[in-house]
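Below: one structure, written as structure tokens.
Order of writing sets the labels: A, B, C, D and E. Residues in every chain begin at 1.
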Amino acid sequence: MTAGFGSGKSVSAGRRARAVSRAIGAALPAATTLASLLGLCLLWGLAAGMWPSRALPPPLEVWRVLLKEAASGDLGYHLAMTLWRVVAAYLVAMIVGSVIGVLLGRYWRADSFFNPWLVLFLNLPALVVIVLAYIWFGLTEAAAIGAVAINKIPNVIVTMREGARALDPRYAEMATVYRLGPLDHVRHILMPQLQPYFAAASRSGIALIWKIVLVVELLGRSNGVGFQIYLYFQIFDVAAILAYTLAFVAIMLLIELFLVQPLERHATRWRSRSA
Amino acid sequence: MQPAGVAAPLKVDISEKTFRSAEGVTIVALRGLSFEVRQGEFACLLGPSGCGKTTTLRILLGLDRQFSGSYQLPEGGSNRVAAVFQEPVLLPWRTVEQNVRLALSARLRDKDLDRLFEILGLSSMRSLYPSELSLGLARRAALARAFATEPAILFLDEPFTSLDERTADRLRRLLMTVWAARPTTALMVTHNLREALLLADRIIVLSPRPAQVLGIFDVGLSRHLRDAPALDNLVSDFHKTFPDAV
Amino acid sequence: ANPSAPKIRVGVLKFGTVNWELDTIKHNKFDAANGIDVEVVYFAGEDASNVAMLAGDLDIIVSDWLWVSRQRSQGEDLTLAPYSTAVGAIMVKEDAPIRGIPDLVGKKIGVAGGSLDKSWLLIQGLAQRDNGIDLTKGSEIVFGAPPLLSEKAISGELDAVLNFWHFCARLEARGFRRLIGAEDATKALGASGPVSALGYVFHDKWANENPDVAMSFVKASAAAKRLLAQSDAEWQRLAPLVRAEGRELEVLRDRYREGIPNRPLADEERDAAKLYEILADLGGEKLVGEARQMAPGTFWAALKT
Amino acid sequence: MTAGFGSGKSVSAGRRARAVSRAIGAALPAATTLASLLGLCLLWGLAAGMWPSRALPPPLEVWRVLLKEAASGDLGYHLAMTLWRVVAAYLVAMIVGSVIGVLLGRYWRADSFFNPWLVLFLNLPALVVIVLAYIWFGLTEAAAIGAVAINKIPNVIVTMREGARALDPRYAEMATVYRLGPLDHVRHILMPQLQPYFAAASRSGIALIWKIVLVVELLGRSNGVGFQIYLYFQIFDVAAILAYTLAFVAIMLLIELFLVQPLERHATRWRSRSA
Amino acid sequence: MQPAGVAAPLKVDISEKTFRSAEGVTIVALRGLSFEVRQGEFACLLGPSGCGKTTTLRILLGLDRQFSGSYQLPEGGSNRVAAVFQEPVLLPWRTVEQNVRLALSARLRDKDLDRLFEILGLSSMRSLYPSELSLGLARRAALARAFATEPAILFLDEPFTSLDERTADRLRRLLMTVWAARPTTALMVTHNLREALLLADRIIVLSPRPAQVLGIFDVGLSRHLRDAPALDNLVSDFHKTFPDAV
């Protein structure tokens, strides 16, 4: 006849277990990442063992190539070139794209006028933009970075525009009543609400930018990971391609782990974390 | 444990409920809180702001499982609970009527809600979205949602604030009708002593945080005898019993 | 066409030079005449046909012998039959003050095909040996996509451009001249004659299972080449495919004819082996992998007799 | 001494003006789009007139090429092939990506384990995925579409994960109390909150997919817009490249105008529209 | 227009305010609403739920400009307004203290807030995020924000709901202190007649929607004389004057 559904013992036991594992998860994100990567390598190794193919070299071989390229200094050089392009294009794209996106999200009249332009630029193939940029501005670093940024900006705009449309008007009203200055408004009202959109645009943005940088380097640069990957693609050396790819991924992972995630945890600490 | 055949009460026995805030502050919301509400009884929780009333309701609703202690809902209660939250919590992307119907079980989905909406003064608001309601109207919509579900247990967190006296009175009467229509156990949080004395069988008086039961006030008087002068008497009775509370 | 004739799937670039020959085969029914049915599969890029070949989707593609040798040394059983000896060249504007390799120092040079391009390595090697010049250090090298580099040479942003032969031919029609061709470098570095840079590439296994079919294809190809070598009218027919007319078409035609291989396979193979060693020195392991010698069997043995 | 800041006349005048222009904007989105496109063409024409170059043909020439290609049937055929690939890859990517993204956003333990995998797949160059897919699964349509989907899925995951993290717990609690079924939960609680993220992922998603389809077609298909564009790039026929690009953009615009925007207006009609 | 030298009143003259809901329903919220509040006066708006009180405040706050009619704020009011909204509207991503400080002008940003937080019972909650507060605590934080700004005009929309009587009383006294400290014009919405009679100089009684002024009740009695029996008298006076309202 007792129809309870919450019992103290089990509940508090669950709580303790959760607290412990939460502490581990928070204190040791690096450990989780390591475990995760090991798991991935294991899977990869198994797959490479089961279906041996030149197109899927085992992890060890890729590791060997990686070490060799690193020792020769090539890896570092090309990686550095690519990284600088990625960072430059990322900064340009995020800043320009966020500003335009938020404006379009707020002013529906501007939005309905410029939307077709946006659709156009969103769907312009990277090839077209890159070639045009190289033709007009020469085979220069500025043209390359500009071309990448132009490829990415429409995506940022689209995401940030959704964010601006989903803003809660009550906070803006509060800000009006208490006459917050424009800087305070951006910092305390706009940015926290746009944070998830910014994070989304940013994460998928940097990945997209890196992919376009590869194409840019392939079409008209003489260094960088994209240049190298294409070189190895021509002689079909998948191990080397993977080595360069994974070197970049590793850097992204480090940034994610030691920069993005701590920042994000800080920015969203006010959200009651669901288990 | 109850002897067979006797309806099981709502039994609360929470030894501790602690929050850890994002900034690391530890807040003990409840400590050694225990009380019972008999099946079919109407009880009120009365206590200072911030003492832990909403926290208690959330635990009983199964929304917060990180506490030590235990509780037990009356029979049949685990599947026919209704709640009026302290804020209306309507889905902003659904109209008033959709919000109410959504909470209904499949069996009741197409129920006729005309009378309910009329009593609540929502008839002309059925097709509005929550952002187009005044706060009082939104509260009434939340009440409509709770009442429409024909619950076996009813949890109410200050349901009648933001309403003018006249409307509040009408809704209190409606609440009594809903509660009396079938055996419903009700637990209501309120800051309004007169309201508690008008509606409740017993009033559970809580201490400031961490919440504990200071004492229980049984409203002996039958409900139809609780008119204005009788209430005045009850109020002074209450103040005599709990000189420090409220 | 004879419906029972064995089918051969050949992957080519739609506007590539190989397609001129295949179109001639199809149009003049040289395949049917040799008892086979050539099916042309179009791709947009050279790499696409390589991938398709490795994915087992095609019987024949066109690629260069270095690639074949490298694949062979890694266990793929690819082999090749010569297709063309035409190779790239460094082009400069007619009135440019660049007369020889030493003049390239300090100039901006576009190079198609990347840093491991054969022509580029050979010319680099020649410059090193004859003039003691390291082009990669003395000049500004820009790698890039071939059409883009051509465009840049025309606009004057590049002082010189090393490009694939048909891009060179088109440039020639637009007021450019050849400064030095890769074939010059080949000869200077010790080859006795032109080596087929490109060939029809197929699997040994396929050739062994269908020796007649493979041979018939080679014959059909030879027939098409003969026609293209003699008939200007055939070139007029091809004009829309070549995407050129007038002078441009003529230059392309002449360069194509010059590239028709005409030496015994054994000679070519010998020269190729020699070149391989030179290239292995120049390009190192990056270019050729671990094998320091050309993989035996890179040229299809059946053609040697 | 009168210190008012709201005066009836001007306010109600402003209101009328706004109401009128709003009616126009809502009733004639097609007209706005047309005006916007005309403006763009004008700009383009001017630029082409000022700096005549083979790399920037005037709009009229592109239009002529477009008509020619359309008349020959090529345009229709290649466009249709590309469109079907885009649609198929889009559906696969959005469904798989949304489900995984929401799950990762809700369960932080799974998220912290799989996050490195996500970063890896996010940053795998399209080239690598496409080549591997072709080598393993042959040059089939399925391999092509699968490769595109795999390229896009990580982006969808990242965006939807942010959405799931930003969910308001109060609505889920309401749903728990009133015992909403799983279907109702998804339809009435989850989807409306995820809508802006879905819209963002969707818009930038279809653009990204189309760009990758171009690469896929370049690397191993014998038809489609990507195939054509690359062909024309080889002979540097920018007018033809633009013709094909714009044909696709036009289709996207039509979809945007007659499908996406009405749907979106419907989905967000509950939001009080800000002027 | 005011003759020079006489302080300008808060003057409201709204001929109509209509909402169009998303589903196309037209709702007339206000029609012919006009009243005045003298500078430095404390006025209460009293009217049934959903009659248009919040709408009126929003118009006066400049948050809604789509109405016909006009209004005028007292001198200096356009730049030192404070408001307590019907719901707390705290920024969830800022702590209680940050929320309060954010509303302060640069000049006041570093002001000492200890006493204010203490009176409001928020001292130990300064570093919490709004989602970690009870509703009553959140309301008090919203009050802290309004009071800290030293406003020249104060708009309050049911500021003392969700609070126990004791806390509410303390806060009413605090409000009086803040209001009296400098010449502040205040307009407060409430459903609690006793509260209105305790605090206000005049009570503006509104009709059901569309809101119109039914009449004005001047509370002649000086504030320090308004004790419990005096309030009882005022209540019955009020009921005599407005037999239909509240």
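We take it that contacts are C-beta pairs under 8 Å (C-beta built on N, C-alpha and C of every residue); 3 or more make two chains touch, one makes a residue touch a chain.
Note that the structure is a prediction, hence the values are computed from the model and not measured.
Colleague: Could you give the fewest steps needed to travel from chain C to chain E through chains in contact?
Modeller: Contact-graph shortest path, chain C to chain E, evaluates to 2.
Colleague: Ranking chain pairs by how many C-beta pairs touch, which one is first?
Modeller: A-D
Colleague: At what distance in angstrom does the C-alpha mean of chain D lie from that of chain A?
Modeller: The answer is 18 Å.
Colleague: In angstrom, rounded to a whole number, how far apart do the mean CA points of chain B and chain D lie?
Modeller: Centres of chain B and chain D (C-alpha means) sit 47 Å apart.
Colleague: Using the touch definition from the top, which residues of chain D touch two or more other chains?
Modeller: Counting only residues that touch two or more other chains, chain D contributes 55, 131, 135, 226, 229-230, 233, 270-272.
Colleague: Give me the residues of chain E that touch two or more other chains.
Modeller: Counting only residues that touch two or more other chains, chain E contributes 22, 62, 87, 129, 132.
Colleague: So which bits of chain C are touching at least two other chains?
Modeller: Those would be 47, 54, 145, 151.
Colleague: Under the touch definition given earlier, write down the residues of chain D that touch chain B in their complex.
Modeller: Touching chain B from chain D are residues 170-171, 173-174, 176-181, 184, 188-189, 192, 267, 270-272.
Colleague: Which of the residues in chain D come into contact with chain A in the complex?
Modeller: That would be residues 21, 25, 29, 32-33, 35-37, 40, 53, 55-56, 106, 108-109, 112-117, 119-120, 122-128, 131-132, 135-136, 154-155, 158-159, 161-163, 165-166, 169, 196-197, 199-201, 203-204, 207-208, 210-211, 214, 226, 229-230, 233, 238, 241-242, 245-246, 248-249, 252-253, 256, 268, 271-275 of chain D.
Colleague: Hey, which residues of chain C end up touching chain A in the complex?
Modeller: Contact set of chain C toward chain A: 47, 50, 54, 67, 70-71, 74-76, 110, 113-116, 141-145, 148, 151-152, 155, 157, 286-287, 289.
Colleague: Would you tell me which residues of chain E are touching chain B in their complex?
Modeller: Within the complex, chain E touches chain B at residues 19, 21-23, 25, 27, 47-50, 53-54, 86-87, 95, 121, 124, 127-129, 132-137, 140, 158, 161-168, 191, 193, 246.
Colleague: Spell out the part of chain B that touches chain D in their complex, as residue ranges.
Modeller: That would be residues 61-63, 79, 81-83, 85, 87, 89, 91-94, 102-103, 105-106, 129, 131-132, 145, 149 of chain B.
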